[in-house]
Amino acid sequence: MLTHHDVTIRVRYAETDQMGVVYHSNYLIWFEVGRVELMRALGFDYKLMEIEDDTFIVVADVHCRYHHPARYDELLTVRTSILEAKNRTLKFAYELLRQSDNKLLATGHTIHVACNRAGHVKHFPDKYKQAFLKLVVPHASRSHA
Amino acid sequence: MLTHHDVTIRVRYAETDQMGVVYHSNYLIWFEVGRVELMRALGFDYKLMEIEDDTFIVVADVHCRYHHPARYDELLTVRTSILEAKNRTLKFAYELLRQSDNKLLATGHTIHVACNRAGHVKHFPDKYKQAFLKLVVPHASRSHA
Amino acid sequence: MLTHHDVTIRVRYAETDQMGVVYHSNYLIWFEVGRVELMRALGFDYKLMEIEDDTFIVVADVHCRYHHPARYDELLTVRTSILEAKNRTLKFAYELLRQSDNKLLATGHTIHVACNRAGHVKHFPDKYKQAFLKLVVPHASRSHA
Amino acid sequence: MLTHHDVTIRVRYAETDQMGVVYHSNYLIWFEVGRVELMRALGFDYKLMEIEDDTFIVVADVHCRYHHPARYDELLTVRTSILEAKNRTLKFAYELLRQSDNKLLATGHTIHVACNRAGHVKHFPDKYKQAFLKLVVPHASRSHA
């Protein structure tokens, strides 16, 4: 059973700052890459979700905890899972791992609201909601993790 | 008594995305502008803090809640305050307001750890800590806010 | 007679890279700020140009020469002028100056094509073209500069 | 004989703007990915070039021509070649191709100067120069291309 999706990121020079590590806002961009690829793994194309179903997944809430800095040229894994899928909201969790030693660099979550192009809240079309729900990690198994 | 500091941001075209609103990670960059200018208002130059005092304010935790989208060319206020100043950590709070109607677009906080250039945790030099402490909003007044 | 427009930029931490200077692609974003503010000084609002006149100024060509690095927290002037205004194209020139010593850090230009929302080339509405033309530095005066 | 190196980029949501296409400064970041991967294909690690050989490849000049817009989620090829390798400078050329139809979206070049950490111009260490030279496309063959 699929419970999460992994995607590889190579840190770009542009993503570093003068402290010699990755500037912290870039992690949110990597999380976006993680959830888009998780959706692709579920058989959905986020681009078409916007165009064909007039459904945008607007970011409503972001949290990120930075444990260890990511550095230029490192290969990282963004591990994305779905914590919660409701009629109009969706909650993703992320782990950022350094591939060389599997060290956990950061953890985070994002909460999203389904909106149409005009920005009004709507229900997720059913095909998406069903797919998201299959992926939601049951609370019981999470509590034993 | 100074309890917060306001700085004005003009939204750049580069900060928008194809949804027609500001991409969410840019808010963290504006928060950075907010805390740097708050420090400048306290008489400190973050640049010199790095160079002269070997003290870097590393981001350890970020949270942002997005209430309403910011849009291209809008003038925004980043309102920054200090929630907590300890020996080695510092917690900032942010409000992002649209200047045309004073609407609250986003709220957030960041937690920072004092580190030296090598990335090791250290105490904030006393002059900074004293200045930060003067700005911390007492819990009592916050609870009545 | 207005021949150029100056706007002030404060370098953000996010714009630096691990070489300790500003990452080079950010200069293009500052150039964008420069031309938007030049248009505002001419009495135009680029936002309304998109919405009310269905005219987008699409970037077709960019050149930048980097003379000296910009650094964190520096105050810079983006000096923008119009080199050429034709029916469907517009050419801007930029100088980036460090305010502390007026040193020239970079020079550049951008060429733009007027397009409608669908991305098709169109003529600039006359009111814009007339305003742009007033600003174009005559070749004669440029050659004596 | 290796004459260029191809690397694949997937367009991120963060790279789009409200015109619905990729914001133009991001192409420069992709060019950077292109030259780093070209160097890796030559057996060099740019990260180690900075650390072990105190050699930084500072950007001195950038040009980009935008033929057709890149869009969200597209797979692109950055095709990088070396136009010129001198003692202290290096010139790269780039082609950006859309993988679905092999359409040429943009072309560009960058000129770089070898510097040490302090920012002073230096000669490229010989091992790099020899490797770069092997890749330089001879003018004769270029004129027949």
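In this document, chain identifiers A, B, C and D correspond to the written order of the chains, with residue numbering beginning at 1 in each.
Here is the rule we go by: a residue touches a chain if its C-beta (ideal position, glycine included) is under 8 Å from a C-beta of that chain, and two chains touch if they have at least 3 such contacts.
Since the structure is predicted, the reported quantities are computational estimates derived from the model, not experimental observations.
Asker: Please identify which chain has its centre, taken as the mean of its CA atoms, farthest from the centre of subunit B.
Answerer: D
Asker: List the centre-to-centre spacing of subunit B and subunit D in whole Å, with centres computed as mean CA coordinates.
Answerer: Centres of subunit B and subunit D (C-alpha means) sit 36 Å apart.
Asker: Centroid of subunit C to centroid of subunit D, CA atoms only: how many Å?
Answerer: Roughly 25 Å separates the two chain centres.
Asker: If you look at subunit B, which of its residues touch at least two other chains?
Answerer: Where subunit B meets two or more other chains at a single residue, that happens at 13-14, 19, 21, 25, 29, 72.
Asker: When you draw the chains as points and link the ones that touch, which shape shows up: line, ring, star, complete, or other?
Answerer: complete
Asker: Write out the stretch or stretches of subunit A touching subunit B in their complex.
Answerer: Subunit A reaches subunit B through residues 19, 21, 24-26, 28-29, 56, 58-66, 69, 119.
Asker: In the complex of these two chains, what residues of subunit C are touching subunit B?
Answerer: Residues 10, 12-14, 29, 32-33, 36, 45-47, 72-73.
Asker: Which residues, counting only subunit B, touch subunit D once they are in their complex?
Answerer: The touching residues are 13-14, 16-21, 23, 25, 72.
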